[in-house]
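Quick notes on the structure that follows.
Labels run A, B, C, D, E and F following the written order; every chain starts at residue 1.
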Amino acid sequence: MRIDGRQNNETRPVRITTNYIKHAEGSVLIEVGETKVICTASVEERVPPFMKGQGRGWVTAEYSMLPRATQTRNQREAAKGKLGGRTMEIQRLIGRALRSVVSLERLGERTITLDCDVIQADGGTRTTSITGAFVAMAMAIHKISETKNLPKFPITDFLASVSVGIVNEETYLDLAYEEDSKAKVDMNVVMTGSGKFVEVQGTGEESPFSREELNSLLASAEAGILSMIEVQKEALGPIAGKIGG
Amino acid sequence: MRIDGRQNNETRPVRITTNYIKHAEGSVLIEVGETKVICTASVEERVPPFMKGQGRGWVTAEYSMLPRATQTRNQREAAKGKLGGRTMEIQRLIGRALRSVVSLERLGERTITLDCDVIQADGGTRTTSITGAFVAMAMAIHKISETKNLPKFPITDFLASVSVGIVNEETYLDLAYEEDSKAKVDMNVVMTGSGKFVEVQGTGEESPFSREELNSLLASAEAGILSMIEVQKEALGPIAGKIGG
Amino acid sequence: MRIDGRQNNETRPVRITTNYIKHAEGSVLIEVGETKVICTASVEERVPPFMKGQGRGWVTAEYSMLPRATQTRNQREAAKGKLGGRTMEIQRLIGRALRSVVSLERLGERTITLDCDVIQADGGTRTTSITGAFVAMAMAIHKISETKNLPKFPITDFLASVSVGIVNEETYLDLAYEEDSKAKVDMNVVMTGSGKFVEVQGTGEESPFSREELNSLLASAEAGILSMIEVQKEALGPIAGKIGG
Amino acid sequence: MRIDGRQNNETRPVRITTNYIKHAEGSVLIEVGETKVICTASVEERVPPFMKGQGRGWVTAEYSMLPRATQTRNQREAAKGKLGGRTMEIQRLIGRALRSVVSLERLGERTITLDCDVIQADGGTRTTSITGAFVAMAMAIHKISETKNLPKFPITDFLASVSVGIVNEETYLDLAYEEDSKAKVDMNVVMTGSGKFVEVQGTGEESPFSREELNSLLASAEAGILSMIEVQKEALGPIAGKIGG
Amino acid sequence: MRIDGRQNNETRPVRITTNYIKHAEGSVLIEVGETKVICTASVEERVPPFMKGQGRGWVTAEYSMLPRATQTRNQREAAKGKLGGRTMEIQRLIGRALRSVVSLERLGERTITLDCDVIQADGGTRTTSITGAFVAMAMAIHKISETKNLPKFPITDFLASVSVGIVNEETYLDLAYEEDSKAKVDMNVVMTGSGKFVEVQGTGEESPFSREELNSLLASAEAGILSMIEVQKEALGPIAGKIGG
Amino acid sequence: MRIDGRQNNETRPVRITTNYIKHAEGSVLIEVGETKVICTASVEERVPPFMKGQGRGWVTAEYSMLPRATQTRNQREAAKGKLGGRTMEIQRLIGRALRSVVSLERLGERTITLDCDVIQADGGTRTTSITGAFVAMAMAIHKISETKNLPKFPITDFLASVSVGIVNEETYLDLAYEEDSKAKVDMNVVMTGSGKFVEVQGTGEESPFSREELNSLLASAEAGILSMIEVQKEALGPIAGKIGG
């Protein structure tokens, strides 16, 4: 039995509150258990210099944690004067994952920036950010599609993410912080609504893992992601119907 | 009549939600109209090097805005690699203001760091941060006082802050963003529960102001701050009774 | 009696040496007692990007201290790689204050940068910088007005600044460093030649202050500033006659 | 047929020159096709502050490319003043991978830093760095084991890495740069001599991938890594016999 | 007798391997004894902003050492976030020296960047960088001259550099690291093929030196540089004939 | 005839005002023609970490220019966030030069920091800084020698510096800015009171130079430096008698 009484293949409760920040084109507060992330989507009618004039858009992400999102206070990266390696790795992952389900051609020459700010952390902040950012992005792109003349809705599929791991020789879905810190193997999976992998990142720093273990982890992740996508659909309401159309 | 129908001497609705972030020793979500700030208080059992061995504590503050707290997205200071002048000015102000009502001797050799993170901005973010941070600080100091042997409760008085300004030749209390951007004179006032000034910062960049105008602004601020302190008292409940004892 | 024998309402001797740096369009060495600041005004025929094409000019300021301007040597901010909060706060204040008496429309699309470099510090470096920078700015704008076709002299009023404080329960004008370090309340006031406030920044970190104390401080500051403006007029000679015309 | 005539499941020629840099405790020049990396292992008789006093060692890595390792010159990160996200991600990966086969307890309180400097890049620089760094690390640890009293040789298994990808609907082993830039799916795999996974990082930014494709990629990687380990063994000579003992 | 058995006026063996890095327009590995430097020349068809529109080219240099080029590991400047004073001084010297033998007019509006990366250091890294960078630059300019219509070959003379010093009261040519660290006087000389000085940098921090000693050092350097130029000619083959034409 | 009517072998007027900054242990304003530098010497009773426990002192220097010391305003290095290459090169030179005439053993474990701040620049700012810093340093060391028990006065010789150059085929002593910008060869020489070289830095970027030209430059510099030392002696008064004793 897990520390919070969950089954091995059970995620924590997922709650998505849309329109959480009034200024943003799309925004959610996503809560997965005690992990809470504000995701906003900002639209700019221009693309980065390296993409100018190609008629294609861009999707990028930034990730941060409030200093006291964690059990002990972390120094702000703004005060240190630079982004840490973990932050950069995560925001590159979020951006890459979201771009995999957006047709940049259909989006046209504009940039969508997803800001994922963790206000409370209890494991799975990067996977929760991806799941929440997808919803914020869909809301912003819906807003664009209503005022600009887009050829077709640019989002080609749903996308969500979950962590899985091996703890006490068992495969656990959606690790809370305390579980994560004891895991021998830790894997983050990003998957589309049609069940294809976008990112598979498994690490066995403490203990290398076998093909069988890998398979078990992927199976658990797949089920978890499909349940996350159901919550996304509910949060998006009618906008959900436009995705992958 | 003001844009949101308020009287000249009326503040926006103030709401303080305590224990908003579970890891912090003290935390609130403070909402003043559409301005929303998460304030956390973190306690460390050590002081900065310049204060070591004096038997006194320290109170300091950091301030930040989420990139999309505002109408258009701002670049993160962590991404720029340095804190802007405005941020530094505000966090120096918050720290200075809070220290004015804390007996650092009674606090003992420990540091309280107040993090004020604006998640949605609509004018008055620095004054709202001070008002909210006071409550988070009181909660954290209460927690210390329950486990450590403090000689006497270290907070000597209540403290809150409000902005006032001259807009269309009228004195307005608690400026919303749209009012602030049209104000000829802009003043931030920090005051104690006993009605004494801790900070008075008035700026007439657009138009210098007279002694009479200054007096009118201060009178308006005084009333606004006393009403803020009532909300603080309610949020703090029994802890309020320990302050200034 | 004050440490240097002054009356409570007496400033230290003020001396302004014009044309102190030959390359600058305007320059002074200003000495207020032992505080010595070199102020230069540099003119550029362009404005910052955010102001382009509006037909208006810009006035900005930078402030620094030589490492050994103070009793113990301070590390250079250039060596640290960033400006401190105090520096940023002061240079924002100087720029804002000077802009309050310049018609940016009349100035036309050009930038005046005031560099205030403290070569010896004995209290009041920010107020001395403002008083000196005003003279350097007037000299530079006079030079522009002689070669460019300005509609009207762009400086609308005189401007000077002084510090006041409460030391030993007395209101002191123009605090020297030793007085400043003992002051319970410390206030910097910037005022125009016509007696209106541009900035009022009072801080009672050590001890909050009452309305009566505030009034006493402002009265003392007003007299001090008007005497500073007399010294500015003398230093400027015939240029003084153009101001506020 | 691939651009350089290789079979789909064939790596490029691998060459490891040991003792390439005379000052380092371990060093190699590793060449995988036209990709060339200098890997040095430096030993310090101390550990980072967060590990002090635990009796355990540390293994860490840094990664860089010479500006002209690539087809067009890249600006130096030292000149930019910060490490890029890609660099941080790679050096975190290398360090994590190598630690998975080192018993930090047996190593004792000392740090081994692996510097991987790419002097010529043609795809696979991160996987080549891992394969080469393993050899440099083994040489350095061998040197320690000869002079210090280690309980048992600290390296528990061999470790190598290779990239695989899907190009033109085919699974390719060890992608050269030109192949990599056309790949729909790109995966880096780190594996031990006993065939267990340490890192699996697959990305389908251009096109999500199925379980079947994932399986095919992993099978190809496994064969490639085992052949890399043969080259490592030859390069290490008698030292190879100590590993995993 | 010197530590490695050389005569006082003898350089270490010099070896120049051309075309060492395949992507660069010009590249060498230069070895002077145990000092090894990779020099690449990169051509860009544009000049820095301050030179635009003058019809002239630019030559600039960057210098770096791998962390383990030296006996103990040095922290990377990219990790520190800034270039050290020694690095900046050396790269300014290399650029200045090379420009002295290039007609920027004949080169046309393009930039040649010389990257000198020390992979193993044993004294004389800056002089070795200059000698090697000259060859890489000549190769790159030769490549330009074959495809672009240059009026005349832009390199006006050969250029090489060597260190000299006074060790044990003797004048030594081409100091190895161990000699350099014992030298009372240390001098770097850059000279053209026609025997004229481009840079003379002598330092007697440990012990000031006389005119006679200076003359002896310069005579030794002159002979050493001429022998270096012979090695350059051999490495360049037919390209050598175009220089100074 | 030179632009200001000087003879080829004539320096500009040199004026040294001692005790210019009241807080510093030693300070001068040195004026060489229109070049004006404030040099302060600060004493700290500790040495940098790398020198601890050796019983020896340290002498170091920092150099900066006020933004408007020059004809057009330069951006502050503190605002840029880093020191430029020229600044680093100059401050390394000043420190190295001064250390050559100080017995660090006699000085004992303390650090003297020379700050050279150019308030007005007209050529020769680095040589003027050395000449002025020597006087400030002597004053500070004299102050130490009066209160601490030094075995012997730590300064072993006088030290001054001057620039020389070849302009219009003539050898000029002490170049003003306008001459410097036209010079084909530019050389900075630092020499002791006993006529020995400490630094010789000659650059012929525009045009390489011969041995005869070098000899002519050195002869001119020698005479100029000896005349500078006469001014130093006069400024130091009785302290001069202790030097080299």
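The working rule: a contact is a pair of C-beta atoms (placed from the backbone, for glycine too) under 8 Å apart; a residue touches a chain by one contact, two chains touch by 3 or more.
Please read all numbers here as calculations on a predicted model, not as lab measurements.
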What chains do subunit A and subunit E have as common neighbours?
-> D
Number of steps on the shortest touching-chain route linking subunit C and subunit E | 2
In terms of CA centroids, furthest away from subunit F sits chain A
Could you please state the distance in Å, as a whole number, between where the Cα atoms of subunit A are centred and where those of subunit F are centred?
-> 60
Quick one: report the Å distance separating subunit D from subunit F, using the average Cα coordinate of each chain.
-> 51
Indicate the whole-number Å distance between the mean C-alpha point of subunit C and the mean C-alpha point of subunit F.
-> 33
Quick one: which residues in subunit B touch 2 or more of the other chains?
-> 81-83
List, in order, the chains that make up the ring, beginning at subunit C and going on to subunit F.
-> C, F, E, D, A, B
Complex contact set, residues of subunit E against subunit F = 82-86, 88-89, 91-92, 96-97, 99-100, 157, 187, 191-192, 194-211, 214, 218
Of all residues in subunit C, those that touch subunit F in their complex = 21-24, 27, 34, 38, 40, 42, 44, 62, 64, 66-71, 73, 76-83, 87, 113, 115, 117, 119-121
